[in-house]
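What follows is a set of notes on a single structure, which appears directly below.
Labels run A, B and C following the written order; every chain starts at residue 1.
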Amino acid sequence: MSELILETSTASMRRNFWRGVWRVMKRKPSRMAGVVILLGFTVMAVIGPLFYPENLPYDPNAKYAPISWEHWFGTDGQGKDVWAQLVIGSRYVLLSALVTGVITVVVGAGLGLFSGFKRGRWDTVLMRLTDMKLTIPGLPLLLVLSTVWSFGSAIEMGLVLGLLGWGGVARAVRSQTLSLRERGFIEAARGLGLSTTHIVGKELLPTMAPYIAMNMLVAVTGAVYAQVGLFFLGVLPYEADNWGVMLNLAVFGGGAMTTTAALPYLLAPLLAILLLTLGIVLVVDAMDEIFNPRLREE
Amino acid sequence: MITGTGIVKTFKQRGNVLDKREVRALRGVDFSIPKGGAASFIGESGCGKTTLGRIIAGLETHDEGEIVIDDVAMSSLKPKARQPYFRRIQMIHQDPYSALNPTRTIFQTLQAPLRLRARQTGRDGKWIDERASEVLSLVGLDPGSVLGRYPHQLSGGMRQRVVIARALTVDPEMLVADEAVSMIDVSLRLGILALLKDLRERLGVAVLFITHDVATARYIGDDGDLYVIYRGQVIEHGKVDTVISDPVHPYTQSLLSAIPVLHGLEQPGTQPVVPLSGLDESLSDGGCLFARRCPFHTERCTSELPALGRSEGVPQEHACFYPERRDVVARPMSGV
Amino acid sequence: MSKQAPGVRIDGLTVTYNNLPAVRNVSLELPPGTITGIVGESGSGKSTLALSLLNAVQPPGRIAAGSVEIDEIGNVVEFAAEQIRRVRGSQIGYVFQAAQNSLNPLKTVGKQLLDLGRSHGVEDLRGLVRDAKDLLGRMGLDGARVLDSHQHELSGGMRQRVGIMLALVLNAHLVVLDEPTTALDMITQSTILKIIREVHEERGLTTLVITHDIGVVAEVADRLAVMYGGRLVEQGPTREVLASPQHPYTRGLIRAIPRLTGDIDEAQALPGRPPTLATVPAEGCVFRERCPLRMDVCDTVDPAAEAYGTRIVACHAVKVKEHA
């Protein structure tokens, strides 16, 4: 009888975990809203662009058209539909943000965990490296890089932003690891002779999961702002469907700050960015409860 | 059998680069714990008892002295080779709340060390499941209701039992219980103490009990040894009952005098000993470490360090020039 | 202003957290000039009860029913926030649980003392410092040095004494000490208990000590009240309660204390475990799960607290015995 319970325990635990996540999400409407927003963006980025032709039709007679059923967010200076550009542009933004998030977390958490757990020589070397990396000013470097590199693919963009952003996470994870390794259960694991892989992977990592997940989402938000900013500044080559370029064109080409005609063109990408950030912030709120069994099960 | 001779540990305090302050946590401690035996380290916080316990459990290194486990001197082995020896000495921490990983179920917590054990002895997964239930039963928990739970779903007392069960997964030679009941509800403390005693009797596991509460030391076995430690030095050592009922060192006497008396049930001792001042870390040059606080100190005490040894008419070892019996322990009132 | 030890009457007090009662229908009198000790395990509601004396139960906790009548102050349960703030510190002193860690680590003790004085509108700050030094001196510390120290420069026992000083320096005559000796050594504990007793007598206080350790109460308190699962199950003069406990929980608790002398096998742990806020039974006796004297009536009816001589006990079995 008890064997039966134990054999299925791993699978049933996983099921329990997801049931717990669902419970945590249901606890506050704001979290559900966050999930819906993020799911919406994901759908938009994954299948949205499929609905539009490679070259969007343009209508010279309908420049900066107002909001209508035909054009949800009006049109741009060439008469192209803004909503369509937004949808097509979302893929680049989200994909690169995701890549940044993954790299930040994998490199940052990996180095932080290793450094904090091993301490000693490894720690000193790795943290010096991190400090050096932290002193590199991100934006100027990006500006310089952009003169030689066009960041044509979203993955390249994410890669660069990720490699620039893991320093903070590494430091934070390291200090968490340092304090956790003094805790009784880590000491007990060492006393029992459990392997370092087990201690880091099964004992330390899950305890820090909310922390890491939160950092990942913050990194994603940062990446969205950073790349949109770069394109807005106009230092990267023109690409009509990019949110940042849209902002740039609306402000500098359409004069959205002075006339109302281009306002929808300006507001559409702005709203998209705000909504995306909001979705992330609302979901971050649940991270603590998701990864802490006590808060999850209550 | 685990013995230690002349264990010295010095902590360097960080701070001024030029004037490195050193704190002597242990000043040459000897101890010996027989197979399946019991021993208690007693003393105020900061006396070095916890450090000594951690050294014995292999969680801390020492500067001088030798630890011998089953006739093997640890100094003769490389750090890696020491591990299997120290693994058989398991620490039970004071705080059962931080001693268990909050994100892992009790089964997962027990499974990890059992899997290691199974690999070493060539057993299979079924053995792991059986053994997990077995160790929980050994500590008086119902495996069916505990295995699938998370630590936060258990009370402090149950958690401490799980911690003990986890220690049992490696078939330990000795358990080092550091203030193992001080964070547990009063009504449940004796249950944990009785469990430790029971494990001694049933499994032959030695128990080293570290506490500031002398009374609890009696409950893991009256055949055990009691070491009273003051500022890194053993100042009285003997059988538990002897030291508790007939202490001769003024420090031991002041420890016993400080235990609350249950007025109405008990009568306080007639000659309580109260130290002259609080714990004082400053060094009295060469004299007895307790001299400044001792109500009975003489000139000799401040200039000469008494060594741990025996004197006539006293069954236990002590480190005092003037051992004297005093009536310090509360007694049950007659007729109650 | 002549002040003397006030009496306190707690009547029918119920405190709930999210509608779960942490303290249920507790009535307790603190006679003026006495030390009362409340003993209970974790989750017994003892700290919540103490906080109600200051009307300081934190949300979601809320005083749902009952009154706390303090002489010369009034029923604090009905006080508004500002009104109760003025009373705290100046008339009711409170030494928090783990006072060892409740000092501000960034300020010296003296600065915190002045902050306390200013927030209570004390005009003679010099006099306040003088009083503080006197009090610290009384407790065996070098007042001037302690006031100049930061928290980390003081030992646990010293911090505890600083906590007591801060509770008394504004001349409060009702003092609540929550776990005054937890995490202290035996010798330090004994020193602190002695100080509590002496200061209590010298300054003419009414003192309430909250603790899980029956030994602490035995050392200092005149009267002893035992809490379990939010209920006050037994109260009476300390010596009498210790010598002949009536409630089965009190009896079990006293039996569960490791003693230095006597038969080892006489001491035994209580079976089961103390209830938490979530597991405490809604009806019937809160202790019945662990009780050796359990009867049918215990499952359904919460025993009322009834007086037997100097003792007040809430137990069906005791009632049956008394009437037999």
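In this section, contacts are C-beta pairs under 8 Å (C-beta built on N, C-alpha and C of every residue); 3 or more make two chains touch, one makes a residue touch a chain.
Here is each chain with its UniProt name: A = Peptide/nickel transport system permease protein; B, C = Peptide/nickel transport system ATP-binding protein.
Given the structure is predicted, the values throughout are model-derived calculations rather than measurements.
Participant: Once you draw an edge for every pair of touching chains, what topology comes out, line, ring, star, complete or other?
Facilitator: line
Participant: Please state which pair of chains has more C-beta contact pairs than any other pair.
Facilitator: Pair with the most C-beta pairs in contact: B-C.
Participant: If you average the CA atoms of chain B and of chain C, how far apart do the two points sit, in angstrom?
Facilitator: 31
Participant: Any idea how many Å lie between the Cα centroids of chain A and chain C?
Facilitator: 51
Participant: Could you list, by residue number, the parts of chain C that touch chain B in their complex?
Facilitator: Of all residues in chain C, those touching chain B are 41-42, 155-158, 185-191, 193, 212-216, 218-219, 238-243, 252-254, 256-262, 264, 267-270, 273-274, 276.
Participant: Within their complex, state which residues of chain B touch chain A.
Facilitator: Going by the criterion above, the answer is residues 57-59, 83-84, 86-87, 90-91, 93, 95, 98-105, 107-108, 112-113, 116, 126, 129, 132-133, 143-144, 147-148, 150, 152-153, 163, 166-167, 169-170.
Participant: Across the complex, what residues on chain A touch chain B?
Facilitator: Interface residues on the chain A side: 2-3, 5-7, 9, 13, 183-185, 187-195, 198, 202-203, 206-207, 209, 291-294, 297.
Participant: Looking at the complex, which residues from chain B come into contact with chain C?
Facilitator: 44-45, 155-158, 185-194, 212-216, 218-219, 222, 244-245, 254-266, 274-275, 278-279, 329-333, 336
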